[in-house]
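Structures for review follow.
Paired with chain B in one complex and with chain C in the other, chain A is shared by the two complexes that follow.
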Partner chain A sequence: MSTEILANLSLAVQKGRAKDVEALIAQGLAEDFTAQQLLEDGLLTGMNLLGVRFKNNEVFVPEVLIAARALNKGTLLLKTQLVEEGVKPIGTVVIGTVQGDLHDIGKNLVRMMLEGSGFQVIDLGVDVAPETFVEAVREHKPQIVALSALLTTTMGSQRGVIEALEGAGLRGTVKVMIGGAPITEAYANEIGADAYTADAASAAQMAKSLVAA
Partner chain B sequence: MTGKERIARILRREPVDRIGIHEHFWGDTAKGWKDYLNGEGNLERFWDLDVCECWPLNLVADLDAGSVIVAEDENTATYYDGNRATLRKHKFKDGTPEHVDFFVKDRENWEAWAKPLLLAGALDRRINYAAYEQSRQIANEDGRYFVLSGVNVFELMTYLCGHENLLAGMALDPEWVADMVDVYSRMIVEAQTRLIEKSGLPDGIWFYDDLGYKEHPFLSPGMYDELVLPGHKRTMDFAHALGLPVILHSCGFVEPLVPGFIEAGVDCLQVIEIKAGMDLLKLQRLYGDKLCFMGGIDARVICSNDKALIDAELEAKIPVMKQGGNFIIHSDHSVPPTVKPEIFRYYLERAAALGKY
Partner chain C sequence: MERTLADGVTGNAVDLSAALGVFVRVFCFEERAFLPGSAEDFCLRCPLACGDAAVCDSLLAHRFGCYEAVRWHGEYIYYCPAGLIFVATLVAQNGRPALAFVTGPVVMGQADDWPEFEAHMQEAAARLPQRTPAQVNAVARVLALLAAGFGRQAPPAEEADSFWEDVRGPGGLPKGFFDAIDVQQQLSRMIRQGDRGGTAQMINQLLGALYLGGSGNLPKMKDGARELLALFHRAAKEGGAFVDPIFGQSSDFSAQIAGCATQDSLSAFLVDMFNRFVGYVFDFTRFAHADALGKAAEYIRQNAAEKITLAGVAREVGFSPSHLSAVWSSEMRVGFSAYVQTVRIEKAKQLLRKSGLPLVQVAQNVGFSDQSYFTKVFTRLCGVSPAQYRSSQIDQISKGA
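Entry: the complex of A and B
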């Protein structure tokens, strides 16, 4: 059992080569790697390395998109074995673009990076009302709620979600991360969010540190 | 000095009386300012801005399809457009629509459906000659710098396929994207040629192509150079051949792409989105000898309605920028209705005073 296969799997994700991922997973399973090894030391390692390069402006959205597609292909192939092995995600994140805002590109990139870091992500989509976030927290019991807003005219809705979580008595059960073009650290502090990050890769890193804390 | 003279001279780096002044507003803003505007629907005229724009071209794939509403709720409408894109938009607010789905996701439907429609001729039907001629006349009467505005290749491709399909396509099938850039850039040039031949020259051409978002461009400088620059260069070479300067609008953080913009032929970069990470004064240091700038005033500061904050923003930027003789003040995107009109007037008056030579 050569660990070269894990390195190749990581590389295939970073290059967005979905067919290579498929072949390497078949090979890995045939060589008695566990699904958890292939996931964590191959697929997720590749996505994490790409995330660092993305944050440093060494790779850009096209590369992240095709890497995410390759990663999804791989995790789909491993799904049954992961359940059999009892492998669980490192945490659950409920994510959405806040009410009044229909932008989804930034939110989708964060979702991809979170999935690439081993999170289960419940994507509520765009234009999500505060009460929908509350319902999703009740249903999925996430560790993190991630709120996106692109516009100066909609960033106020992030505060509305935090207030709705407080009103429902759920604020203490989740960490709230916020992001989006007009958002700053100062604004996050002002509205009582737990974390602000400027880009998708940083959001995934922050989410990992929040669940580890 | 009229706005027309002022902007023309700024873009040629010739001396002017003050910095240029221009602005964009969200659609809701005029509604919110209705009483203050006292019936004047032309905001460029009301605020005596230096530039007047006209958007006369329609490069949607199927001109006859129109927009068909397929679902509706209290606040939003989901519609199907002439690019066979399914989009959802707020009924009462401006903004980019949600990308629900796209018929053209890859080369297959581009070649089978969109490309043949775009190349089918009937270019005249894509051009609103009357609107252009009317705007041009009003701009001339008012002494404003008249620009022929429209989107360029990247934005056109996102309308057709959506960002995710397009950007993934750039990595997986660059020849497909290059073909779209080729078709769209030729169409822009052909339509503008026809329009200008029939209805006269504008003072400049203003292209809109949002190539960035927060802290990052959508694509690498290398990918821009390989795939988008040829389309930009073709359309900008056309403008320059007619002696027309080119303004390029891009939202988002596009600093890494600026050398490519200069190579393509951009004369003035707009909108310098501070909240996305752009730094107006840094750009002036790095590229002020090659580019003019329009924008870079943090809209969040204007939105604060706080005169002291506005003073600080203007005083930090205008004295530096005016030294280059290459600056047209503008917010870093658009002015929303939350800005009080009295405060916006204060902002313009302070900018004009500080920007006087």
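Entry: the complex of A and C
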């Protein structure tokens, strides 16, 4: 059992080589690695390293997407074993773009980076009403709700979701993260959100620190 | 890229190093780095031996050489900032740059071809493999033949992939999304100010819009990609960047986009374009300058007997006269005319030592049509007249004997 496989798996994810990922996972399982090891020390390590480079603008969006595809192929292959080993995602995030806002570019990127960090992500899409967020929180019991807004005219809807969660008595059960072009740290504080991040890679890091806390 | 291609090319690089007596390393475009296992670091042979990556970033210097090979039909001979010569030879796969052989360092010329203030080059010429221009060209041609052979290997089959449909949202980019004038102005301002980080961030924001905001299929993605590259083309021009190495003729990228058969090949094309964009606009400038100045100096040394003008040398290195003049005065230790005179006087000293040519002939052989002017310049630079210099050298030789 050589840890070289884990390093190669990480590299294959970073380079987005889905076929190499599949072959390395088959080899890893044959060599008695656990699915959890292959996932965490191989696939997710690779995605995290790429995330850091993405945050530093050293790689471009298509490279991240291709890496995400390789990661998805890998996690699909490991799915059955992960359930057998009792491995759970590091957390669940409900994500969506708030009511009145049809933008999903930033939200999709954040979703991808969250998945790449080992989260299960429930994506509610765009133009999501506050009550839909409340229902999703009731149903999926996430640790985090992530709210995206790209317009100054719709950023107020983020406050609406927080108020709806308070009204339903669920605010204490989840952390609320917000993001989007017009959003600032000060605004996050003003509406009572738990965290604001400026880009997708930082959002994934923030989410990890929120569930670890 | 198939791993077998990298293995095959790296294996050949080792053989080539032994056969040619110079290092051959393999650069990988996708990884933007040299592949391991081909040869040791070129800089171990550098006569400057400054060991300071900030002074001379070897990887960037050679990345510049490899991208220039892409631009110049697969091969490029260039000077690194230390004044040593390298050859970059492209190995294309699937019609796209995959790997490149980087061969060197060699020195063109003899130790006493360089003026005294370029002592490190005199030392390099004594220590490193010396090649004539014809030999360097021959090496470039042989490597190009070899590279062409690799390029004929069957490319991996391209498959259409539903993944690309899944990453997209329901919206769809409106036509003309990338025509926004304020984005162009912001970009050109960042380019003018040398804001590399801000520009790279903007590239990713706009690529994010193209990939995650479009609802389109491949043809729509291609339309968006065309608009996006046209935006960067305009902004770079407006920002004063020299865009020819990146975009070529403005319609070139349009044809290349049309040739992308899948989302994967379109993505690889865009990543390559934006790597080149950031490279040429922000990273390669000082290496492009070092290369052009190396070639200008080489041209002056080779043509000392002819009439040499700034405009003529600029034409040789592909710069405008004003650009060459600006680059020369900011980066060379002596002015253009002073350099030309110094090179001519060095050559005159050689002729005075080694030949019995009459002074009028010596003057003409090093580009002075007027012997009295030659004597005046010689005396100013050397402290003695040409005739005195010759007799003192003869004295020294006879004393030595």
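What we mean here is this: the second predicted complex is superposed on the first by the 213 of 213 C-alpha atoms of A that agree within 3 Å, B and C clash if a C-alpha of one lies under 4 Å from a C-alpha of the other, contacts with A are read in each partner's own complex, and residues count from 1 in each chain.
Rule of thumb we're sticking to: contacts are C-beta pairs under 8 Å (C-beta built on N, C-alpha and C of every residue); 3 or more make two chains touch, one makes a residue touch a chain.
Values in this document were obtained by computation on a predicted structure and should not be read as measured data.
Asks: Could you tell me if A:69 is touching chain B, chain C, both of them or neither one (first, second, both, neither)?
Replies: Touch partners of A:69: chain B and chain C.
Asks: Is A:180 in contact with chain B, with chain C, with both, or with neither (first, second, both, neither)?
Replies: first
Asks: Check the contacts made with chain A and report whether chain B or chain C touches more of its residues.
Replies: After superposing on chain A, more of chain A is contacted by B.
Asks: Applying the document's definition of touch, where does A:189 land relative to chain B and chain C: first, second, both, or neither?
Replies: neither
Asks: Please work out whether A:198 is in contact with chain B alone, chain C alone, both, or neither, and reply first, second, both or neither.
Replies: first
Asks: According to the stated criteria, A:57 is in contact with first (chain B), second (chain C), both, or neither; which is it?
Replies: Both partners, chain B and chain C.
Asks: Can A:153 be said to touch chain B (first), chain C (second), both, or neither?
Replies: A:153 sits against chain B, while chain C stays out of touch.
Asks: Just checking: does A:104 make contact with chain B only, chain C only, both, or neither of them? Give me first, second, both or neither.
Replies: After superposition on chain A, A:104 lies in contact with both partners, chain B and chain C.
Asks: Look at A:3 in the shared chain and tell me whether it touches chain B only, chain C only, both, or neither; answer first, second, both or neither.
Replies: Touch partners of A:3: none, neither chain B nor chain C.
Asks: So which positions on chain A get touched by both chain B and chain C?
Replies: Of chain A, residues 54, 57, 60-63, 65-66, 69, 102-106, 108, 126 contact chain B in one complex and chain C in the other.
Asks: Which positions of chain B touch chain A when the two form their complex?
Replies: 26, 75-76, 88-90, 93, 95-99, 163-164, 167-168, 170-172, 213-220, 223, 252, 256, 273, 275-277, 299-300, 303, 336, 338
Asks: Quick check on the complex: what are the chain C residues that touch chain A?
Replies: 30-31, 161, 163-164, 167-171, 197, 200-201, 203-204, 207-213, 264, 267-268, 270-271, 274-275
Asks: State the interface residues of chain A toward chain C in the complex, per the touch definition above.
Replies: Listed in rising order, the residues are 15, 54, 57-58, 60-63, 65-66, 68-69, 72, 102-109, 112, 125-126.
Asks: Taking the complex as given, what residues does chain A use to touch chain B?
Replies: 16, 54, 57, 59-63, 65-66, 69, 100-106, 108, 126-127, 150-153, 179-182, 198-199
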